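To keep things clear, I will list the structure first and then write my remarks on it.
The first chain written gets the first letter, and so on, giving A, B, C and D; residue counts start at 1 in each chain.
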Amino acid sequence: MKKYLIDFKIDDNIQLSSNYSLIKLSPCSGLLPEVEGGQFAQIEIPNSKETFLRRPISICFFDKKNNQLWLLVRKAGKGTESLINSISNTIVNMMLPLGNGFSYPTKPNAKVLLIGGGVGVAPLLYWGALLKAHGYDPLFLLAAKSENDLLLKDYFEEIGNVYVSTDDGSAGEKGLVIYNTILKDKTFDKYYCCGPMPMMKGIAKIAHTNSIDCEVSLENVMACGVGACLCCVEDTVDDGNVCVCKEGPVFNINRLKW
Amino acid sequence: MKKYLIDFKIDDNIQLSSNYSLIKLSPCSGLLPEVEGGQFAQIEIPNSKETFLRRPISICFFDKKNNQLWLLVRKAGKGTESLINSISNTIVNMMLPLGNGFSYPTKPNAKVLLIGGGVGVAPLLYWGALLKAHGYDPLFLLAAKSENDLLLKDYFEEIGNVYVSTDDGSAGEKGLVIYNTILKDKTFDKYYCCGPMPMMKGIAKIAHTNSIDCEVSLENVMACGVGACLCCVEDTVDDGNVCVCKEGPVFNINRLKW
Amino acid sequence: MVDLRVNIGALEFKNPVLTASGTFGYGEEFADFIDLNRLGGFIIKGTTLNHREGNPYPRMVETPSGMLNAVGLQNKGIDYFIENIYPRIKDYDTNVIVNVSGATINDYVTVCEKLNELEKINAIEINISCPNVKAGGMAFGTTPNGASAVVHACREAFRKTMIVKLSPNVTDITEIAKAVEGVGADSVSLTNTFLGMSINTETMKPYLSTITGGLSGPCIRPIAVRMVWQVSNAVKIPVIGLGGIMNGRDAIEFILAGATAVQLGTANFVDPTITIKVIDYISDYLQRHKIEDVKSIIGGMIQ
Amino acid sequence: MVDLRVNIGALEFKNPVLTASGTFGYGEEFADFIDLNRLGGFIIKGTTLNHREGNPYPRMVETPSGMLNAVGLQNKGIDYFIENIYPRIKDYDTNVIVNVSGATINDYVTVCEKLNELEKINAIEINISCPNVKAGGMAFGTTPNGASAVVHACREAFRKTMIVKLSPNVTDITEIAKAVEGVGADSVSLTNTFLGMSINTETMKPYLSTITGGLSGPCIRPIAVRMVWQVSNAVKIPVIGLGGIMNGRDAIEFILAGATAVQLGTANFVDPTITIKVIDYISDYLQRHKIEDVKSIIGGMIQ
């Protein structure tokens, strides 16, 4: 897919809590390029004294009708903090769409579960919408530390049924997501998962055990975002170290040495 | 004088043209410390990716009644540009008051002329007001490239008579300030001058010739602003290299090797 | 119109803007953003005799105005390059230069010999300065003898334009430059990255899997400019300058300091179109200063 | 309460935070902003035998995340210091350390002898690494022999704690550190500034009157941390770390890399209260990590 370098304008920065923002942006001019579910952007952090490189952020939703992109951002450090504090009309330059997204199940009526932890729910919103548009009936399992960190639940519910796990039990089932009841159901054809590494590894294990096809969206430190610098590698079974930014961020767990 | 490190809030940023701003600030809390005419502040540039050190800016006016400081800023590069574009309520940290300001004439009824070129008029506004408050009748000679660069003329006129030179003759007398008719008047007791180096040297020459006492406010590259780093030296007759930030920025021309 | 052409060894470059090895992939990664044919040249990533997996991750951490990397010369080896990459990139209308690394002198020589046979590879850049590998790499680049041993051997094996990329992690970089000039280098490029490290104070662990890595970006520019100035005054062969060039002004700075051409590395990550902007800036700058030929400002700093 | 005390040579410091020579004047310049008595110590500016006017201006230019300076050791000489400055600063309740420079070994020795007599000067820092002077300075600091010659002679003349400040402009800084340890240094501090330069492309002239100057600030931190880590693994004497420390996190980074104490230089220009903030941060950090004694995290990086 062709990659673009585009100036966006922040239309709306909805602070979900002191740590999370849902930022809606539209291009300063022209139409958005097509985006696949699970792709990401390399974002130039505006007005930030202390950052140098771009930051990778998943495309949370691609609103073609309104020519708008959504980003879900968690305050992790200086760059994300500066993004979260950016006011409307701030200009944000992005390289996008980057990487390879999720892939559709091979079976037409496949039963799919999208599992997101924390801010890892971000890429699943648009992917869920795409799956639905393609005739699937996606179910969601959202996990968070507590109810306050449970993100975009209302939006997910518009697409499909939502199961919830929180560490403290303030919403849904209490405990780690890997113990959620829905994961006992072995009839799923495919899992799509994005979240903290230990969670993704836990889900991958369940998928392996139950022979469920599974794709995960990996994180890594990134400089270029386009496969040029080799900073962001993940070790694969078939090809050794490959770039997460170019061959991922979505990988089928069969490729990974997990 | 005791120096302070204070957070200010921009109350008002009045863009005089695309290159100049008059910025009015008040402390985020508390009262302004006393300031002498001709002192300066070391300003932390807010939200600027490309600056590292503070920037020295003269205190243009000290409005005790409104607990407000004024800065007159010319776009010279990255830092001043960022200041000029700062919106109201931006927080700006300053070290102030720094350096030694102008000194009062020794004679009670001294006839004084304040000569400012370009953004160099900045420290003369408050100094003019102080002179007036102390019973002097300051006259002003303002110089600029053209009428558009003639700054704060209305404000100066409230304090005393204003003479003008512009390079292109679009206001006042045409030509370099050193040829302005008012400088033919040899009865002045003291000149105070701030502007580009060649202009100050020209004025100093006239002052020497006519035995007029003369103080100039020097520029230099500054890092610390408090005499600690020795980056900002000017060569003096009496003491060799001295710090402009600490022993200046105002010097009597008798100290200088001009 | 201004003349942007410069010459290095037997080669002519349509303009002095190249991309730095390891930061521009095989060029293709940037083809969506810029027209690669406009570049003076591009230098593809460090190529070794055998396949190398590079270092474990994390391989990168941001630093003030820069970044540390610990890639460790990951590449699939020279034969893979010749079979799979070369056919794809050989027909760009620009100079394609291969950056060569090795653990032993023999490694370097074998790679050079193979590259010598490729019609469209008119130049190589010998990397004796990679800080991210245990054997070879920087070890060769920090003594005049080590450097000239490698370069001498490569010179026998490679008959086209040979650039030698110097390490900045030395007391006197002019010594190394003179040594490699003495054994036949057609040009020196400097600088490679500075050896640095960074620690995550919360986990108390280094950010990089290898503890130390190579520092690049504008943070190193003042040191790199100084070295280019020193080296260009010490040798007669053309110097290629790099290290933290982020825009056209920075490129001009290196040229004024003595660089015949420049390379852009880390800047490509911040702005994937930066190379083209730099070419345009140089052209504008020359017009603004009423200079007809970029060659006339090489080393043109007024003292 | 956590224990912030550290020891270097015969001295105890109430905390590991010192100020770097040349960036903190004689301390007094910052007395309006902070309580100097809270500092672990301060190192006053480079003092030479005779009065020095330093270099012509411009002496400074900002660079990405740093600055270049070309002050050139301007000072009024040791006798002036003893008569006029020492009486004003000797009674601070902190360690006052004098940074000593010279053009010849004799210069160093004479200054050391005079300082040896000052009751309240318990330590000196021998500067063999100033990049801004023609004779002496860095010339001594770039070879093990040059360094040990100066330090050996100073050791005879000065009987209290002697710190040696190392130049980073070398291929292998551990060699120099080991050499000065061998001739009696009680501690090494690193790094001094990196030799750099910057050109104003519009005027085509260098920004500094001396063309080259010393680079400091956070831009150099990754290299300085790496050197501190290498040196602390190579010598037994305590290492004082500096180079681009801008906040408490950065100070901890140096301590984890192997520094017993740290110095803050350029950071004082950006925030004149930074020293106190760093002291408080270290204290908070230790509490947060349930560590009682700062000494227990010196070199504590987990590999």
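To be clear about the criterion, contacts are C-beta pairs under 8 Å (C-beta built on N, C-alpha and C of every residue); 3 or more make two chains touch, one makes a residue touch a chain.
If you're wondering where the values come from, they're calculated on a predicted model, not measured in any experiment.
K.L.:
Tell me, which chains sit next to both chain A and chain D?
P.N.:
Per touch definition, common to chain A and chain D: B, C.
K.L.:
So which chains are sitting against chain B and chain D at once?
P.N.:
Common neighbours, chain B/chain D: none found.
K.L.:
For chain B, which other chain has the most distant CA centre?
P.N.:
A
K.L.:
Centre to centre, by mean C-alpha position, how many angstrom separate chain C and chain D?
P.N.:
A distance of 34 Å separates the two centres.
K.L.:
Taking each chain's centre as its mean C-alpha position, how far apart are chain B and chain C in Å?
P.N.:
From the centre of chain B to the centre of chain C is 47 Å.
K.L.:
Once you find the CA centre of chain A and the CA centre of chain B, what distance in Å lies between them?
P.N.:
From the centre of chain A to the centre of chain B is 54 Å.
K.L.:
Using the average of all C-alpha atoms in each chain as its centre, how far is it in Å between chain A and chain C?
P.N.:
36
K.L.:
Mind pulling the residue numbers of chain A that touch at least two other chains?
P.N.:
Within chain A, no residue contacts more than one other chain.
K.L.:
Which residues of chain D are in contact with two or more other chains?
P.N.:
63-66, 217
K.L.:
Take each protein chain as a node, join two nodes whenever their chains touch, and name the resulting shape: line, ring, star, complete or other.
P.N.:
Topology of touching chains reads as a ring, each chain with two neighbours.
K.L.:
Once the touch criterion is applied, which pairs of chains come out as touching?
P.N.:
A-B, A-C, B-D, C-D
K.L.:
Report the residues of chain B in contact with chain D in the complex, numbered from low to high.
P.N.:
2-5, 44, 50-54, 95, 220-234, 240-241, 246
K.L.:
Mind listing the chain C positions that touch chain D in their complex?
P.N.:
63-66, 68, 142-143, 169-171, 194-199, 201, 203-206, 211-212, 215, 217-223, 225-226, 229, 244, 246, 249, 252-253, 256-257, 285, 297, 300-303
K.L.:
Which chain B residues qualify as touching chain A in the complex?
P.N.:
Per the stated touch rule, the residues are 47-49.
K.L.:
Using the touch definition up top, name the residues of chain D that touch chain B in the complex.
P.N.:
22-25, 29-30, 32-33, 45, 53-54, 57-67, 69, 71, 74, 217, 266, 268-273
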